[in-house]
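Chains here go by letter, A, B, C and D, matching the order in which they are written, and residues are numbered from 1 within each.
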Amino acid sequence: MYPLDKKENCGVFGILGHENAVGLTYLALYSLQHRGEESCGIAVINDEGKISQHTGMGLVPDVFNKDVLESLSGRNAIGHVRYSTTGSSILKNAQPFVISHHKFSVSIAHNGNLTNAVKLKRDLETKGSIFQTTMDSEVVLHLLVRSKKKEIEDRLIEALKDCDGSYSMAVLSEDKLIGVRDPYGFRPLCIGYKDKSYVLASETCALDLIGADFIREVLPGEVVVISKEGIRSIRPFPKRCTSQCIFEYIYFARPDSSIFGDSVYDVRERLGIELAKHHSIKADIVISIPDSGNYAAVGYAKESCIPFEFGMIRNHYVGRTFIQPSQAMRSHSVKIKLNPIKSVLRGKNVIVVEDSIVRGTTTGSRIKTLIEAGVKKIHMRITCPPIKFPCFYGIDFPSRKELIANELSIPEIAEFIKVDSLEYLTLEEMLNAVGKNRDKFCTACFNGVYPTKVHKKTSKSVLEEK
Amino acid sequence: MYPLDKKENCGVFGILGHENAVGLTYLALYSLQHRGEESCGIAVINDEGKISQHTGMGLVPDVFNKDVLESLSGRNAIGHVRYSTTGSSILKNAQPFVISHHKFSVSIAHNGNLTNAVKLKRDLETKGSIFQTTMDSEVVLHLLVRSKKKEIEDRLIEALKDCDGSYSMAVLSEDKLIGVRDPYGFRPLCIGYKDKSYVLASETCALDLIGADFIREVLPGEVVVISKEGIRSIRPFPKRCTSQCIFEYIYFARPDSSIFGDSVYDVRERLGIELAKHHSIKADIVISIPDSGNYAAVGYAKESCIPFEFGMIRNHYVGRTFIQPSQAMRSHSVKIKLNPIKSVLRGKNVIVVEDSIVRGTTTGSRIKTLIEAGVKKIHMRITCPPIKFPCFYGIDFPSRKELIANELSIPEIAEFIKVDSLEYLTLEEMLNAVGKNRDKFCTACFNGVYPTKVHKKTSKSVLEEK
Amino acid sequence: MYPLDKKENCGVFGILGHENAVGLTYLALYSLQHRGEESCGIAVINDEGKISQHTGMGLVPDVFNKDVLESLSGRNAIGHVRYSTTGSSILKNAQPFVISHHKFSVSIAHNGNLTNAVKLKRDLETKGSIFQTTMDSEVVLHLLVRSKKKEIEDRLIEALKDCDGSYSMAVLSEDKLIGVRDPYGFRPLCIGYKDKSYVLASETCALDLIGADFIREVLPGEVVVISKEGIRSIRPFPKRCTSQCIFEYIYFARPDSSIFGDSVYDVRERLGIELAKHHSIKADIVISIPDSGNYAAVGYAKESCIPFEFGMIRNHYVGRTFIQPSQAMRSHSVKIKLNPIKSVLRGKNVIVVEDSIVRGTTTGSRIKTLIEAGVKKIHMRITCPPIKFPCFYGIDFPSRKELIANELSIPEIAEFIKVDSLEYLTLEEMLNAVGKNRDKFCTACFNGVYPTKVHKKTSKSVLEEK
Amino acid sequence: MYPLDKKENCGVFGILGHENAVGLTYLALYSLQHRGEESCGIAVINDEGKISQHTGMGLVPDVFNKDVLESLSGRNAIGHVRYSTTGSSILKNAQPFVISHHKFSVSIAHNGNLTNAVKLKRDLETKGSIFQTTMDSEVVLHLLVRSKKKEIEDRLIEALKDCDGSYSMAVLSEDKLIGVRDPYGFRPLCIGYKDKSYVLASETCALDLIGADFIREVLPGEVVVISKEGIRSIRPFPKRCTSQCIFEYIYFARPDSSIFGDSVYDVRERLGIELAKHHSIKADIVISIPDSGNYAAVGYAKESCIPFEFGMIRNHYVGRTFIQPSQAMRSHSVKIKLNPIKSVLRGKNVIVVEDSIVRGTTTGSRIKTLIEAGVKKIHMRITCPPIKFPCFYGIDFPSRKELIANELSIPEIAEFIKVDSLEYLTLEEMLNAVGKNRDKFCTACFNGVYPTKVHKKTSKSVLEEK
């Protein structure tokens, strides 16, 4: 949930036929902000098929003000928050994308990553298509427009049959709201119900905020078509082995959401309990790196009977831009966000629970501030195995060379970040903690076993090449 | 620490003779932001006595950008963050105040509330002084300028001898930095040391962030004069009964600060332990209203052996302006900031630890979301006695009629906020938890015993009357 | 040249292979600002074929600042200022348009109006093209991309062969700058030369400002291809009767430009002389409605020997947004822009020279202020015949019903605007004053004789229909 | 009237008891903008004596928007536009100044320059006054507050009796609007009447715009007190020799205003006629440097029977900030504002009429562009004598060393600016052209005869010294 770590993917939301469609979409995006802090947008189609749209770089409350919200009128809306996994950080890449074709209007919000987008884009350009963005998601629009099918859902299905990779999508036309999850089910997508309107959302926390009832999740490979007639389910794609992103549980999703059939908070607490069972050590207190490590730390404390304490205080104002007043003072900035509590830590043996280690630099800085605060010993416990492989399905890990677990052994990492002991959950232990459906997850970032064929050059910059 | 509750007073900082004076002041204000979110400012005096200054409405990172920081040059600086307790919310009231007199330059940053400011202002106006602001602090400047003394510290002391009420101040001239606490010591102020420069700060968290060593607190009634020659202490005021604001411990100060001789975190944990000792009840879990209730909740959990859980998740993005999309949707906004975790709460008997109840409306809304999330029973425990009296020394409580404990008995409050049981610490228990120097605190908001003579009309609006 | 009259069309500029390409384009757009005040933009292609672009709503100095200009790097640039004649007023419609195709990069800036754009757009959409704007100019891009030709100029020519209407265009690829005027030559376009680089500009005032030498105008129906090898001329289109827009002389172009082979200032002075010859009357002074009537008024004064005076003073600050403080005060706003000089006008018989009358409302308001200033008699003289017909080639006249000369006879107009006499130049007189090439102009707005087949519904809103 | 020349002083306006007081003040400031482009402000006092105020750096339409105007409510208002002649360019120096004293409210808008302000300020500071600005005008406020008189007009008169130099002021209290001109009458101030309310304005163009009737000018040394009872005149000061600023006629005032008993336009035309009478030469055309030279050029043309032409076109968009895209391109910027018309100028002998020459650098650049445009000979004629002495009463001339006429003889100036002949009006001729009251003007900038004792160091920076 930390912006600086840049592990985010995207969040989507959609609602059909509600008087407050725009306001509810705004609220929902607010609650999905953690899934993408770079840009956001809302598109509305009114009952006459007229599209209006507003997108901007930055956070939801900064991009939308009262005037903008009032300028978007219509009973059907979709929204998107984005951290780019493909496409560079420019306004024209902000979603939702919209088209006004003389036969129909359509808007699309995509969470995921199409692994064969480069090839598809070149083919389409050769046939005369003009791309306005450097986003993989635009490929879907061009395929949809070129389809000869009549119904929008059939055009969409035909388009997606050409696409590989991950996609959880909300697609809006003038009288339909369509939700799709790719056959592997990499990213979450759920269905809610509020005041006689169906809604789609990446996570259930959006349903909570707008007061919608949770109906069920969209299934992997399922297309749900919402219209005045109600909700209709289609299963048009060949069946694949379900491969839900386990990193959504570890770090990405909000703890107050329920995804892939389980509460994120509960899963994280069980990960902490599992750590305490298999990687225990004697210590005075258990602390976490706030906030993502909090829930596992509480689990660890419960299981180990070592008391939980708040060892670091998170500064509430840190979301905002912070100026480094000068080079010489850069070292202070790590404490801007999290300040250790000396009176809690001084002279203690401390177990620090953290969700994951990516590059190791942020973790190293945090540990340094704990040492300066006077801890006696630090035992770090990680709620997943070492991350060694890139993700092609939406999590923006750095290159393999920058993943610390790829370059160093666990003892070497411990030495690098200067902790007295360091232990990770094993793949087996992590899956045990997850419990339900333990064979239905993608664990490629830990073991390199990718559920789909991967195209070597599916990096962010490829779509932007000429 | 919650902006919406508007209980803040002010924060001050000062530094003399440091190359990065402006940058360090900026960082320090960032860490003192919780003491005042309405406006902030920095004033600098360079070695030739030239003052430059920047103030603005809003948060520190919004008011200061790189250009502004670079435009402020000088090795001596003071800063201020403010929530108005006197003076209305307008830019010209933002501190620090500065004067360029033909004989000297001086700048002043004040935390506290002068209880006889109205009378002093009228006297000065009758003598021909022109006031530019509606702040009580400006009175000190006029008195200082009218003093016939030669040294700035003697002018300041002469001025303050006429002033009643609370003041923790940083005063900067071209070659001196002066710190003062009123004889009662209502508000905190401490001395730090960094790179051969002395600094003054409202709380030690500012010292932590800039990497300064904590030297000691300024004593009640003490004037410390920092210059090239070092630090000199003066005790010019008649002795008074020390009356430090206990609400700084309960709610106002940051948990990672140490004030009035003790760690705020530790005091809060002890308040929770005291609650568990004297107001225990059987329950499944202990939760807090984040973040100010967190530390007492952990204390309660430790003492009672009932497990601590995170029952509500704080949204990180909430500091920012949030638009109510429409009247009809106002009810959602309470969940924007704190969302209850259903999987943690459903069917449970819950002890909720909260720092204090002021009006009761915010607490009531929070409880409502817990009930909707499915808790079985709610037992609320408050880390202080009922608040019944206004504060004349800097805490912006509402009028007596709006203080719920003034209008309702404890059982009636419980009914109003819809909890199954409600208990407060008694005055005695609270002071026991504080421990050290238990007779050196002002507890007027609980028992109406004011340490100074109070002028009935010292309300915010009086200084603005003609 | 007056924004409020909204008669503008567009301005284009291009330069190939100059170190200061962006800076010169910025300056040139500044000088072409009168051709379009709604939006503007610059696109740059560097020598590796990478496109960067910045567009914005508003005036050139507001859209571009130092940071933006520095972010655009490359030795090849085109620019555009726009008042929409097709497409509504939104940012995405701001030109230049750019495409990054995997085979080539291209950017386009268009002045004019394609009369068959709606049909072309529908055909392209049916074939699967997605339009991102509601501008006719985008049609050219789609046709160009679908062409199978290899060279960019051949793709462009193939695309334009399908297009009817008016176009003066600058098209930039990574190594070529192409200028085109449609076979009728409706809009101006000229070639300049600066520091070994060729430039294209709508008017010569842009060459003056950047210090470029004027080479010649692009001919009607000519394509000029500028590259490292120099300049090459192609004449690929069937020959048409030259139909240059005479309204560019009457009102639109800057007086310090030379277009269609003659100085705009000189033509306007001759129009005034022609008025004095054929529509003289006894009077005390000649004045103009500043600034567009100035030059004809000076001509009238010279020919008639009646002294020229400044009867109205133009407020220099009026380009900026002006708030109507309240409904009741709206009547003052007409004097904000032009204030009559009472001491010049009082008791005088005045000849007022104006370039044209469109709706009659603005002229009427101006006359009213002259009457209030105390003139004795007003004799109005117009430098063109009554405007009765819409323009399909880029001048944004209102609908026929709103054109006053369509609804009222000349005496009725005189009565409506309250002048003592009103005379217009006849078509014959106007063409005599223009002199050179008097049969090579489009005069459709005066006599309804359109040089091309016109599609009845080529109004601004049609392209935006579904 | 040109911002870049920085010769401006200030403009003031006031209105008492009008429903649209704020809107009318806004309009009036718009029309007085040429008197000060640096900052502006409006202060309002409502019928209960409550003051509200808004000031900002920049032009009137940029500083005030609808929200700001609506936030200022009250039936009594004064306004100010300012180019600083004392005090540096910072927001806190923007007028009107306001005071809320417990006995009264008062606001002040000052045009002019107090020549003994430094001494007065030091005296006041020694007595304990705190200055918030570095403006001479603030001195008046402090003296006014220290007066023991009861009525505001008597306080003001007592204060002004200590002040030397120039002042045309509008002073507003809760029930009075007071206008004052210093005994010499350096700056203009007039009285108007609209809808039963009296108004004060620096120039009559403000009356024209708001539709007020012109009553009369405030007399030198007169105090007019406007209240519900009507208008009352006081003459409290010792009589002085009337010394109106002749440079207001030459350059500063708007041509559509009437000041010092005569129309500015008419005076300028007569200055041109006088030039033609005494400094004639054979030539093809007469042109002006727009806009301030226009009216004298028309006079010259009439008298000499040489035709007037527009030789240079003023760019309408130039008020806005203009970025110099790079050092190398700086030379283009002179043409941005005024572009010569080649077809008018080429091969001609030209008489160029200009209002004045200050430093000579701007004039030199203009002449250079005329030469480049191909003129044969340039004969420059100036509507006043050479400027050789600084102004202590409000016109911001540069230091004596920078005044070209101080360093060079007329033939040397002609050579420096590269004209074939250069002639100025003599002092005698200029006063003849002015005509009425020819002995009632200050001509110190031409002949060094200052009407008041001048303090050597009354430069802008002195008040800011410590």
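Criterion: a contact is a pair of C-beta atoms (placed from the backbone, for glycine too) under 8 Å apart; a residue touches a chain by one contact, two chains touch by 3 or more.
As the structure is a computational prediction, the values presented were derived from the model and not from experiment.
J.: By that same contact rule, can you tell me which chains touch subunit B and subunit C alike?
T.: For subunit B paired with subunit C, the chains in contact with each are A, D, in label order.
J.: Based on CA centres, what chain would you say lies at the far end from subunit C?
T.: B
J.: If I superpose the C-alpha trace of subunit C onto subunit D, what rotation angle comes out, expressed in steps of 5 degrees from 0 to 180?
T.: A turn of 180 degrees brings the C-alpha atoms of subunit C onto subunit D.
J.: Could you grab the centroid distance between subunit A and subunit B? Build each centroid from C-alpha atoms only and quote it in angstrom.
T.: 37
J.: What whole-Å value do you get for the distance between subunit A and subunit D if each is reduced to the mean of its CA atoms?
T.: Each chain's C-alpha centroid was found; their separation is 62 Å.
J.: Taking the mean of the CA coordinates per chain, how far is subunit A from subunit C in Å?
T.: Roughly 50 Å separates the two chain centres.
J.: Can you list the subunit C residues in contact with two or more other chains?
T.: Not one residue of subunit C touches more than one other chain, so the list is empty.
J.: Applying that definition of touch, give me each pair of chains that meets it.
T.: A-B, A-C, B-D, C-D
J.: What residues on subunit D touch subunit B, complex-wise?
T.: Per the stated touch rule, the residues are 49, 99-105, 121-122, 125, 127-132, 134, 141-142, 145-146, 464-466.
J.: Can you list the subunit B residues touching subunit A in their complex?
T.: 1, 20, 22-24, 26-27, 30-31, 33-34, 59-62, 64-66, 69, 205, 208-211, 254-256, 258, 263, 265-266, 291, 294-295, 298, 301-302, 307-310, 313-317, 319-323, 325-326, 328-329, 331-332, 335-336, 339-344
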